[in-house]
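One structure, pasted below without further comment.
For reference, chains read A, B, C and D in written order, and residue numbers begin at 1 within each chain.
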Amino acid sequence: MSGERVVTRGAGTTAYTPTEMMTVTAARALTNDDVCFVGIGAPSAACNLARLTHVPAITLIYESGTIATKPDVLPLSIGDPELCATALATVSVPEMFQYWLQGGRVTVGFLGGAQIDRFGNINSTVIGPYDHPRVRLPGAGGAPEIASACGQIYAIMRQSPRAFVPKVDFITSFGHGDGGDHRRRLGLRTAGITLVITDLGLLRPDPETKELTVTAIHPGVTRDQITQATGWPIRFATDVSATPPPDSHDLDVLRDLLARTARAHGTTSAAGDGST
Amino acid sequence: MSGERVVTRGAGTTAYTPTEMMTVTAARALTNDDVCFVGIGAPSAACNLARLTHVPAITLIYESGTIATKPDVLPLSIGDPELCATALATVSVPEMFQYWLQGGRVTVGFLGGAQIDRFGNINSTVIGPYDHPRVRLPGAGGAPEIASACGQIYAIMRQSPRAFVPKVDFITSFGHGDGGDHRRRLGLRTAGITLVITDLGLLRPDPETKELTVTAIHPGVTRDQITQATGWPIRFATDVSATPPPDSHDLDVLRDLLARTARAHGTTSAAGDGST
Amino acid sequence: MTAFPSLADAVAALVRDGDSVAMEGFTHLIPFAAGHEVIRQGRRDLTLIRMTPDLIYDQLIGMGCARKLIFSWGGNPGVGSLHRLRDAVEHAWPAPLELEEHSHAAMASAYAAGASGLPCALLRGYIGSDLVGQHPHIRFVECPFTGERLAAVPALRPDVGIIHAQRADRAGNVLIEGIIGVQKEVILAARRTLVTVEEIVEDLQPPSPNTVVLPHWTINAVVAVPHGAHPSYAQGYYGRDNAFYTAWDAISRDRDTFRAWMREHVLAARADDTVSGAAVEVKQP
Amino acid sequence: MTAFPSLADAVAALVRDGDSVAMEGFTHLIPFAAGHEVIRQGRRDLTLIRMTPDLIYDQLIGMGCARKLIFSWGGNPGVGSLHRLRDAVEHAWPAPLELEEHSHAAMASAYAAGASGLPCALLRGYIGSDLVGQHPHIRFVECPFTGERLAAVPALRPDVGIIHAQRADRAGNVLIEGIIGVQKEVILAARRTLVTVEEIVEDLQPPSPNTVVLPHWTINAVVAVPHGAHPSYAQGYYGRDNAFYTAWDAISRDRDTFRAWMREHVLAARADDTVSGAAVEVKQP
């Protein structure tokens, strides 16, 4: 979190950064019954914070084959030694994707991404045309099948017009396509993206159109800020709630986790974007 | 072997039974480089005798998932504890059939069976019509894919007109079909049955017609005996050799193995017919 | 969440008349105790699924629990026939038995497809075999890249999957070691799952990170049933009772002898209530 | 039979210009030492196959060894881009790089199909993704039982498979433990195989009967290369050098810095001849 200015101070609570707000809010979306397929970076920070605070029984799975892992520090990569050493079991990568993901055992897929669009489609492949990309991104990884096979998908991304675009340059992972019943028409039986957690608030697909719509705003953030940070004319739900601020226990646990992680990796933060 | 009369005495060697002759001859067909998929019963006795005598480096695989196993006693079933305890590795049954058998890693499949026909097709399913069988046999087990995926197949069976029939009632495992290039026409790239070891001699498919033909006769056995024991007018190759008799070392090792096995299982013999 | 009910309560909650039920364990860890409880509870019209029916399915079939058998090798391993299975197929006693017959390769792949959430499995199999054509469950597809003709079989998705394992921890995570057969696949493919174990321990202590451990959320009920795999075996606990497998040949050959044996050794016995009753929550398919 | 040549001899015997080469290891046990020897020997026109290209493929691509890349995620894990990979794709430096792009699920299944002797793999995948249509290697077939449309990808059968493992015994049997990735699959799918190991021991001592052990007859050459996976890791031997992964971002960002680093740290080094030379017998496909 170093380098990021503290811009928010909750009523009577510890000061916190927008990234902390995002991570804590993402963690709160998880339950003890969830079996969660965890992307590296921001999703991994949120899922482990959840495990270390209100949902100790949650099952975290990383695509490297580690099932029910309980890392003491955040992994830098999707296959750090810590993940295997603290897992209930480690399976092969084909088994992970065939039996566990495609087999429908995962309730929540937690993804990051470079671009997301109005209908929750995610791009992690290219900016610009596929054959002559302006920016070549890392690519799909596990994301396309995470997006189709998990019960539902939560995405966590900092909100900006470059990241939140009307239509992604390339659909790596299908969200709601062109909206409406597009998923059903493709034979998808899972819910797809149901929640996007940003540093400004929460977005959920409209029940009918599936357009991502603001349903909650973080403390101190304005509607105008959100509109400015979104690449399409974003709508606000009829009932927009105020996200509760992080409490001091959440922040303590998160900061301890990041400090332990930084000491272990010799870097300042392991919560940056990374693989799926 | 108890209950079987000693009917053969090799020149200057120990007395032995036809079953011992069959087992020793079968063992001699194997090499140190073979990776052998072993059926239970007579194939298992032959393969382990080979391992304990002239081919200590042979790899024996049982369909229960045990790879490079070195049982001290013959297993009664395809998955006895002894097989796992002495194996290099034990894999799941889907992996065994997908990666190891279908993957083409096995050089020899060693099968038994209830019926074999003129063209080496094997029946282990039914005697009589499938829907109203006179005798319901155990069924396919691993045999159909052993017969198609292994580099070549050796079969070991006591020769009798009931077992060696012109055409099997039911092709469980495809040998050479109607003969000639039938395997190639079905897209099979493996050799199929190349050797049948019986208590009377050796049969091999004719290079052109693929009809099973006598290529070697065990000591003391007559051509007439073989003809009488075969359900079709069996041919003899131009050059029919005399199978060398078992030497005393082979017999000692085999008898020790069977005695150990009987003690371990509390039965008189574990070399009877069984699963694939 | 995994429940820890009695064996009787677990079977009552999870196995229903008319269900397709897979009890797996490839020679090793065959769930005899659970099968016996299914017999005692008098379940009927079951579609029994198992690669190698073994004695436990001979008993279920002989006691009239089954309507259909999906299998790939039905013998008494190393001994001979399953006489009750043969009597049902050859003489419809005590009831006719429909057969759906596979090869091991196909059936193992069908379980793996079930675990993988696929509707079917492909294999390079059944080539030239008369099993093709006997059954509508063996079809063929073309590889879209090479044009090769490949066999396809439908995925196996049993209503109930039952296995026996070495041990579970108090959360309900289950460890299996040794010949692991298709046990993982049947648990992941089935809609409802029951695992009997030799013991429940504080710490599973898997010897390797790659040891087969089934997480508790894949299992509806765990029941401690020491010796629950006898006369098959539990590696690290007890050996295979090969003498019983041999003896079964004579017991099962005659209908009356068979019934007398079952009355004395199965029907008169009670499931050990080793763990006090607890509600079994049935997960949704 | 497995040979125990020097790393230089093994690479010389097994890797040829124009080959398709898969070096696998999912974060764990990445065969860096073997990849460096391929660079030193100046191999050209390789089709590099790897789920997660990682730094070793960034180095191979930057040094001009590759013509094509088959992959599913090409980044510096937790750090950012692979700059040499991006430079090749975005600016054709030092040479154009053809991409064949998968998802992890498809690529893992394609390796498994290769190991299984199948021409293709089926998966419930790629639904709605723009990767479909970019590449002829993603096609669709219908399930012959349900009619469901399933994605198909061709099996991966690399000319050469290279992995790093914890240890081998003197027969050439190899043990892998921890995050096992697709290592078994790539060895079974490849025509020629090379395994580097941390050490060669008298007795493998697998902790469990189900530990992943590759029999010697699946491997052409085994070479002891202690620390051969650095900066990735070998569980039980050394940890991941996360600081190097972070440092690579700066080293690789600039072409000249990259080349200087490669000259000093890879080209100037010699493969450890830890085991004296032995002929490598190449198995037939």
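Things worth noting here:
Heads up, the rule we're going with is that a residue touches a chain if its C-beta (ideal position, glycine included) is under 8 Å from a C-beta of that chain, and two chains touch if they have at least 3 such contacts.
Treat the numbers as computed from the prediction; the structure is a model and nothing was measured.
The most distant chain from subunit A, with centres taken as the mean of CA atoms, is B. Distance from the subunit A centre to the subunit D centre is 29 Å, each centre being the mean of its Cα atoms.
Centre-to-centre, using mean CA coordinates, subunit A is 40 Å away from subunit C. Those residues of subunit B in touch with two or more other chains are numbered 84-85, 90-91, 98, 102, 149. In subunit D, the residues that reach two or more other chains under the touch definition are 112, 117-118, 123-124, 148, 178, 180, 184-185, 206, 209-212, 235.
Listed by label, the pairs of touching chains are A-C, A-D, B-C, B-D, C-D. Interface residues of subunit A, counted against subunit C in their complex, comprise 33, 35, 59, 67-68, 84-85, 87-91, 98-99, 102-105, 149.
For subunit C in complex with subunit D, the touching residues are 117-120, 122-124, 137, 139-146, 148, 150, 152, 154, 177-178, 180, 206-212, 235.
Across the interface of their complex, subunit B is touched by residues 1, 112, 115-118, 173, 184-185, 188, 206, 209-213, 215, 217-218 of subunit D.
Interface of subunit C with subunit B (complex): residues 26-28, 51-52, 71-75, 77-82, 85-86, 89-90, 101-106, 108-109, 111-112, 123-131, 134, 148-149, 178-182, 184-185, 233, 235, 239-240, 242-243, 245-246. Taken together, the subunit B residues at the contact with subunit C in this complex read 40-41, 63-66, 75-81, 83-85, 90-94, 96-98, 101-102, 121, 125, 130, 133-145, 148-149, 170-174, 177, 182-183, 186-188, 264-267, 270, 272-276.
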